[in-house]
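The same subunit A turns up in both complexes below, where it pairs with subunit B and then with subunit C.
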Partner chain A sequence: MSLSAKLKYKFMKDYGAPALMSLQGLKRRRSRPTPSAFGPPLESNARLKEILTRHYYLSRFVPGVKKVAWVTSGAPVELLRVFDFYTIYPENHSALVGAKKQGAEYCGIAEGDSFSQDLCSYARIDLGHMLSGKSPAGKLPKPDLLFCSNNICQTVLYWYKAISQELDIPLIHFDAPFVSDRQSEADIRYMAQQLQDMIPILEQVSGNVFYMSDLEAVLKRSQDSSRTWGNILKAMQAKPAPMTIFDAFGHLAPIVSLRGLPVAQDYYNILAEEIDDRVSKGIGAIRDEKYRLIWDNIAIWYKVRYLATFFAERKMNFVTATYTNAWAETIDHLNIKDPWNSMARTYGQIILNNNLKHRLGLMRRMIDDFSVDGMVMHSTRSCKPYSVGQYDLRKAISTSLNLPSVIIDADIADERVWSEQQIQTRLEAFCESLEDTNRG
Partner chain B sequence: MADLFFGGIDVGSLSTEAVIINSEEQVLAEVVLITGVNGSEAAQKALNQALELAELAQSQIAALTSTGYGRASVPFATGKTTEISCHGVGAHHLFPSTGTVIDVGGQDSKVIQIDDRGHMLDFSMNDKCAAGTGRFLEVMADRLELELDELSNPAYITGPSTPISSTCTVFAESEVISLLAKDTPREQIVNGLQRSIVNRIWSMVVSIGIHGEVTITGGVAKNQGLIKVLEEKLGQKLNVPKNPQTVGALGAALIAKRHHSDSTST
Partner chain C sequence: MYPFDAIVYLQRDDHYKRSDLEQRAQIDAMSINDTKDKVLKIPDRSDYLRDQRRSGQEIMGVLPALYPRELLWAFNILPAEIWDPPGEILLANVHLQASICPIVKRGLEFILKSPEIINSGYLFPHTCDSLQNLGTQVKDLIGVPVPVYTFYNPKGEFNKASKRYYSEILFNLQKTLEKSHGLLSQNQLKAACELGHKIDIRRQMLHAALMEDRFDLSNREYFQLIRAAEYMQGQDYLDLLNHVEINEQIGVAPRARLLVTGILPPGDDILNFLDESRVRIVSEDLLSGSRRIPIVEMDQPDDPMEYLVERFFLLPPCSTKAGGLDKRLQYLKKLIAKSRCHGVLFNTVKFCEPELFDQHFLIKSMKVMGLPVLNLETELQPGLSGQEKTRIEAFLEMLDEGVPV
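What follows is the complex of A and B.
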């Protein structure tokens, strides 16, 4: 570790990043006005932006100071935290590119290098970033280690393999057997063993030593943050809901990419306080909440604002989503006293690694708990594990609960897949059917 | 009291339709025009022609609903509703026992399930692809040097057919070109095309299910060959309106009337 790099990193962390944040603050005051259909915006938005900007900004000064790991959203990152890796989440970065409406450009770079257009757009954007060095976050540090888990999809393994080969760096894969019925003890042992086997490699790459007490501390923070996040989502059961799911898509970032770090816990404490305050004062995310909806699948990052406004103008608010819930759903399986087995239970049973019967049960409970009137499913080109089964789920839910619903075809980050005219007609027809059903 | 009149305008991708009804829900005028490049102009033109036929002035129209992909560009509309709801209401009005509506329009096709009041319960729509739509047939007719009327000749359906495997309009066109190069008789290709479009529609029918009588709407309902293939597949007769193109505009006019009486009764 070079002393000058370490000093520079420390300087940027203590002085450079805060100075940048105050500049961001000036810029923010000139931001776009909120459409009148919405209630007052969340004050925590400013803090969220600060945290994320700082995270990406500081990552530039990390090489030579800390080892960098690129991690998938469902991987048990707590283990890496013990070794003080600076973690970058390519999925989070690709979502950012998507939200900036630059997805097609980055995807195009990967496609130009012979990656198929049928490949997940998160992967294509990340590969496009790798190949071109471009990033709306300025510059991402090159990884020293790759860490993925197939508990969200199989694609991550091949995507990370491509990076591993290109950069000639180690790739650790956490193999989570799909839960077709229930997790077997053998599955749990298999996963727990893998986690312990990773320690020597992580020690070697990071140059740091593993201490069980450190892991326990990280797991505790991770669990606390996930529970706070879960409580924030639960607060949306209030009528009117204090935030929309489109807000939650943004506030999800720390629990995904900063999980296990004190900054994430601090942030969710602030957000939880604001949300509770809004609930007690009856402040809604939209001015006049008449209908409450559930969202299924990942966000359409380049159309979040469009969709939020479309529904708010029709007095409709998304109050829950299977997607945002994924980082809170299995956290109660975590047991600090039995870290390896309980991490296997927590990470092995997340929604995308669990069967459709489980998902159906979960969605029915959410519809009930959150007093949901209608359902919008995003069938996304990129994510097959999330999109396969939606037609059956929709049929099962619509028939048994008599719930108006619609499926829209789009993509998470490649805006070329979005066909506004067709999607708008589908969504308007869904709204007409929702209003008809409630008119009786 | 003077009679009240209501209008419906359906600005579709290929054609624009206008319908005027009276308070008895009788159709006084219906007009079909090519949309062209300017949807709002086409809407105004269609309305003017319908007013002329009905011998009314625009000021006599109590309410008018616009629908179709250009529904937002009809400045004189008092409301707008999706074509999905409009086709449901229109089909129910013409054939009250309808439970399923198959609408095959210029750029999209859809299957709509309606209840006994004509309210939409569920629908399925083609994805971002013109296969299974009027545009698909236009492209193929052009390639085969046939008029649309000739292409829809039901006599072709009885003979042998050449399967067209591509569901994409562009690929299906190249498939037709290669079949023509191999001297495949045109009638066989037409038969294959009709079956291919019905297969596309069929997957939507299956996802919604067949409920009671089935009514077909949209310009493609004039295609008698296609109707024949579809009826074979359904195993039941289809309700075919006399003017299938104007069902959406009729539904829009009926919705305008409904909204008008809702707003005046409260």
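What follows is the complex of A and C.
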């Protein structure tokens, strides 16, 4: 670890990043007004932006100070926190690229290097970033370690294998057996053993020593943050709901990419307080919430604003989503006193690693708990674990609950897949059917 | 001279102990058949399975790809593998998106037709995201009149934990099957492993002979033979393999020698076209083929469960197991060297993510080695399109110009 790099990092952390935040604050005051269909925006948005900007900004000065790990969104990052890795989430970065409507450009770079267009767009964007060095976040530090788990998909493993090969850096993989029925004792033992076997490698790469007390402290923070996040989502049961799921897609970022750090917990405490305040005052995310909807699958990052406005103008609010719930759903399995086995239970049973019977039950409960009137399913080319089975899930839910629903075919971050006219027609038909059902 | 300088061999360089394999195979073959036919009679898949069913055989539909077939045999279950059933995809389109791979779609189409030959259930080994979800979709949402089983294959770089885990899930599968098929006899399992062992040895030997031009099967016949393993009883299949005559002499040199890699072999029309063009596929790295045969000759099964665990971890590198890319490349380099192939044909199933990720690195590496590569994408539809024909012809012309001496 070089002294000059360390000093530079400390200077940027203490002075550079705050200065940048101040500049951003000035810029924000000149931002465009909120469309009239929406209620007042969340004040926490500003803090969220600060946290994320700071995280990406500081990452530029990290090489030589801390070891950098690129991590998948479902990986048990708590273990890395113990070794003080600076973590970057390529999925989060790809979503950012998608939200900036630059997905096609980055995907095109990867495709130009002969990666198939049929691959996940998060992966193609990340590979496009690696090949070009481009990033809307300025610059991402190169990883010293890759850490992935196939509990969200097998794709991340193939993708990280490709990076590992390209950059010649170690890849730690947490193999999470898919829960076809229920987790077996063998599954738990296997995952718990893998976690423990990672320690010597992490010690070697990071140069730091493992202490169980550190892991316990990180797990506690992680659990607290996830529970707070879960409570924030639960608060959307209120009528009117204090935020939309499109807000939640953004506020999800800290629980995904800063989980286990104090900054995430602090942030969710602030957000929870604001949400509770809005609930107590009856402030809704949209001005006149008439219909309440559930969203299934990952966000369509380049169309979040379009979709939010489309539905808000029709007095429809997304009050829950299987996607945002994923970082809160299994956290009660975590037991600080039994870290290895309980991490196996927590990370092994997340929605995308669980069978469709489980997902159907979960969706039914959410529809009931959040007083949902209709369902929108995003079928995405990029995510097979989320999309394969959706047609039958829709049928099962629509039939048994008599719930209007629609499936739209798009992609999470590659805007070339979006067909506006076709999707708008489908959504308008859905809205009509929802209104008819409720009139009837 | 090969078109690249350095060939790095795998650590276990005893991949094919040919003399041992030949000797053992000859003994097996002698006991089965003294008068070999020149013409290989491979039973038709549907006819064979219907006959089996009529005779009261328990048949389980098995989706791709890696599963302990010996365990099923020991329960007297015949695995009928479902890779690419022919016909139009109609029913499955109601359940699956357009961007789902045709193996998954054809598999579901087959299941939705409720085929009478499948009377013992379906087994979904864990292969990829799409097949993973298809298993739960069929079991939990669509519903079928027979039981649905799943089997997780460990992923990534293997270690002690994966070995122990595989052993435990094998045992769990055994216990699950015992509920419907009665207690498993260890003698039966041992006998099944011994049969599987013989098949593996014969398959290894045939692959070695293929690489050395020592039998007379056409490309199409060879893959029909390999794929008969997907539906035949173990003993019938071993008999069939033993009917294949391996020549002492090396055959006539073909126009060009190809290695094919991917999930499935090219369709019959492409294979016929290659036959007509005097092009020989001299080695294969297919998930439906040699990736399911151990990389080295295994010892005779003593403890059958230990044998099955060992066998799984001795299978060649495969995209669906998600091991290191470099290991896979080294393995392919070895096949390339042994088979003296002039080019590599990537037979790519549309939307197959595991293969598509690996392919990028492999194709680039092969090009660096100076090895011509042809990448054909298939949706498993029959026929040979004009475009495919033109691309193959252009590839062959390129090989004609650069075939090494």
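By our rule, the second predicted complex is superposed on the first by the 440 of 440 C-alpha atoms of A that agree within 3 Å, B and C clash if a C-alpha of one lies under 4 Å from a C-alpha of the other, contacts with A are read in each partner's own complex, and residues count from 1 in each chain.
The definition used in the following text is that a contact is a pair of C-beta atoms (placed from the backbone, for glycine too) under 8 Å apart; a residue touches a chain by one contact, two chains touch by 3 or more.
Everything numeric in this text was worked out from a predicted model, so none of it was measured.
K.L.:
Output check: A:Ala162 vs subunit B and subunit C. Expected answer is one of first, second, both, neither. What do you get?
P.N.:
second
K.L.:
Looking only at contacts as defined up top, I'd like to know whether subunit B or subunit C touches more of subunit A.
P.N.:
Greater contact footprint in residues on subunit A: C.
K.L.:
Looking at A:Asp409, would you say it contacts subunit B, subunit C, both, or neither? Reply first, second, both or neither.
P.N.:
both
K.L.:
May I ask you to decide whether A:Ala396 touches subunit B, subunit C, both, or neither, giving the answer as first, second, both or neither?
P.N.:
The second partner, subunit C, only.
K.L.:
After the superposition on A, what does A:Tyr190 contact: first (subunit B), second (subunit C), both or neither?
P.N.:
A:Tyr190: touches subunit C, not subunit B.
K.L.:
Going by the contact rule set out at the top, does A:Lys357 touch subunit B (first), subunit C (second), both, or neither?
P.N.:
It touches subunit C, and subunit B stays clear.
K.L.:
Quick check for you: in the superposed arrangement, does A:Glu420 touch first (subunit B), second (subunit C), both or neither?
P.N.:
Neither partner.
K.L.:
So in the superposed three-chain picture, is A:Asp277 touching just subunit B, just subunit C, both, or none of them (first/second/both/neither)?
P.N.:
Once the two structures are laid over each other on A, A:Asp277 reaches no partner at all.
K.L.:
Can A:Asp288 be said to touch subunit B (first), subunit C (second), both, or neither?
P.N.:
neither
K.L.:
Which residues of subunit A are in contact with subunit B in one complex and with subunit C in the other?
P.N.:
391, 409
K.L.:
For subunit B, which residues are in contact with subunit A within the complex?
P.N.:
Counting only subunit B, the residues touching subunit A are 69, 81-85, 108, 119-123, 125, 127-128, 207.
K.L.:
Okay, in this complex, where on subunit A does subunit B touch?
P.N.:
Residues 391, 398, 409, 417, 419, 421-422, 425-426, 428-429, 432-433, 436.
K.L.:
Over in the complex, which subunit C residues touch subunit A? Could you list them?
P.N.:
Residues 94-100, 104, 124, 126, 128-130, 132-137, 139-142, 150, 152, 154-157, 159, 161-162, 164-165, 168-169, 172, 319, 322, 324-326, 350-351, 353-354, 356-361, 363-364 of subunit C touch subunit A in their complex.
K.L.:
Taking the touch rule as given, give the residues of subunit A at its contact with subunit C in the complex, in rising order.
P.N.:
These residues of subunit A touch subunit C: 113-116, 118-120, 123, 150, 153-155, 157-159, 161-162, 164-165, 173, 175, 177-178, 180-181, 184, 186-187, 189-190, 193-194, 197, 355-357, 360, 379, 381, 384-385, 387-393, 395-396, 409.
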